[in-house]
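One structure follows; several queries about it will come next.
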């Protein structure tokens, strides 16, 4: 049974959910990740260590296991039926926060030392130093790798299919279960992922190039 | 919240967990070796091959980097079936891992190859070495040494990504964990333990790569510095 | 007595810029030729053309019987007869000094490891660095690295040695050890062409000094020519202390 337009529409709809879930993961991950990045460069050793441990745990565990943990774990802890989007969303937010934190910490640390010193010498408070001097520069450096990581987020939303969330991959599986053309279906699914991710990848690379030109 | 943790229920399953970890390591090791060879060949092809090779490799890398690994596994798995080949889930898993990590290896090694200064190649040419000899002795060996940390990180990621192969019923740690939690109903504990084992495996793999570096890079062993 | 190197009316352009505008000179067997001139005069380019590192646009270059101007030339055959040492030594950083020297004899001449090692040790002794055989390049000073580079080329037993400003990147106190090795080589009868800024060395060691100016051979003569320059350009060059 061939792939019909209705099937294509269903898959395309899944792609929309992929974009939506990616946005949730990115926004949530960015908020938490930002705080974590600041924690990683905090003057307090305890804060630094705690953040570091969290990041290492999340980075050292496969996302799939994290998702299972949330899905089954939340159910057992008392939430009767966890909506798939919640388990998937939470898992992806935790995952993104750790990686974004590391990326942004690197960017904060690559703002040249003289900038930190100059800001201190101007008698700005730590808060002022961060917002007026350091962060604007760090953000410039961070744009390319952050966009690059966005691609990772989009790809990783495919795992949400495992907890039943109907994003692009799950849509593909559902269509396949009715027409039994797995290769064709997943080529279409791959194609949708590609047209979402490829422009982001290209953009990230061009940002990187522009940045390097500016820093020569 | 009225949940009582009971890690004790998992104790009798320790050998099963260990077997799963061992299977994950085997899968990852195989994929690492073949993926490295594939990636390095692609990198050389992209740096020095004819136009069509460069285009082919570039397309391969872009497709892999912009599609999810889960979808790649499905395509490899069903691809084999389409070709009429009956392969075990683990074989399909290794194949998919190799194809995936090959693309990332290609990019890492390519950066290494490009970091070798033209003057090194010139000096080797002036000594009369053939192109393949120059590639091996002067370009590839120091390039690999230079990108070794990036390669190590990539192969640790590979080991973590192998968990996804459980979704085509490959035998490895996550598949084992799924079975255990369905038998004991202790999902929280099972997946926490699984996570901890993966973290442990990450350290193990990194340590193994560090030791390996000391063996194959005598310069690093003797001088302790990076190239 | 046929020349080891002969250039006849060689022209070479990089894009639209003509760097060599009809260069002609000869170097005979056992002769030491020093090529001097200001930067941009084309001297390094001429040297690189001799070893087929650059292709010429017109003219003829014959080196040890090889027709270098012929585009179908088998470069590896040429390079078995010609050794070249670069300003930035270009030692292979991931190999020890001995391995650097042994690489070509083993790969190109199919020498056994034991023979190559013996060869490496003897050639290192010639440049005075026998005890550094198992060190890595980064553990050596600039002068020592350059001497290893010379040894590496010598190990292939070339008929002609080219030196491209080999002391220019060295601290002044390290140039002496390298120049001494080059002088020993010259005395031993090696045919050599050196592009150099070391006027005193050229005066003392070179049998022929070639002054290049704006891509042409401007004045040729024995070392004594430097005490008594004929052309105003050479006078100006020597006075400017370049």
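For clarity, chains are labelled A, B and C in written order, and residue numbers in each chain start from 1.
Please note the rule applied: contacts are C-beta pairs under 8 Å (C-beta built on N, C-alpha and C of every residue); 3 or more make two chains touch, one makes a residue touch a chain.
What you are looking at is a predicted structure, and each value in this text was computed from that prediction instead of being measured.
Enquirer: Please identify each chain that touches chain A as well as chain B.
Expert: Chains in contact with chain A as well as chain B: not a single one.
Enquirer: Any idea which chain sits dead centre by C-alpha averages?
Expert: Minimum centroid-to-centroid distance belongs to B.
Enquirer: Please identify which chain has its centre, taken as the mean of its CA atoms, farthest from the centre of chain A.
Expert: Using the mean of the C-alpha atoms as each chain's centre, the farthest one from chain A is C.
Enquirer: Please work out the Cα centroid separation of chain A and chain B, and write it as a whole number of Å.
Expert: Computed value for the inter-centroid distance: 21 Å.
Enquirer: Just give me the whole-number Å value for how far the CA centre of chain B lies from that of chain C.
Expert: Their C-alpha centroids are separated by 47 Å.
Enquirer: So what's the Cα centroid distance for chain A and chain C, whole Å?
Expert: 57
Enquirer: Taking each residue of chain A in turn, which ones touch at least two of the other chains?
Expert: In chain A, nothing touches at least two other chains.
Enquirer: What residues of chain C sit close enough to touch chain B in their complex?
Expert: 51, 53, 75-76, 79-80, 82-84, 86, 88, 90-96, 103-104, 107-108, 136, 138-139, 152-153, 156
Enquirer: If we count contacts the way the header does, which residues on chain B are in touch with chain A in the complex?
Expert: It comes out as residues 1-3, 62-63, 65-72, 74-75, 78-79, 81-82, 160-161, 163-164, 166-167, 174, 177-178, 181, 187-188, 191-192, 194-195, 198-199, 202.
Enquirer: Can you list the residues on chain A that touch chain B in the complex?
Expert: 56-57, 60-62, 64-66, 68-69, 72-73, 75-78, 151, 154-159, 161-162, 169, 172, 182-183, 186-187, 189-190, 193-194, 197-198, 201
Enquirer: Quick one: which bits of chain B touch chain C in the complex? Just the residue numbers, please.
Expert: 119-120, 122-130, 133, 137-138, 141-142, 145, 217, 219, 222-223, 225, 227
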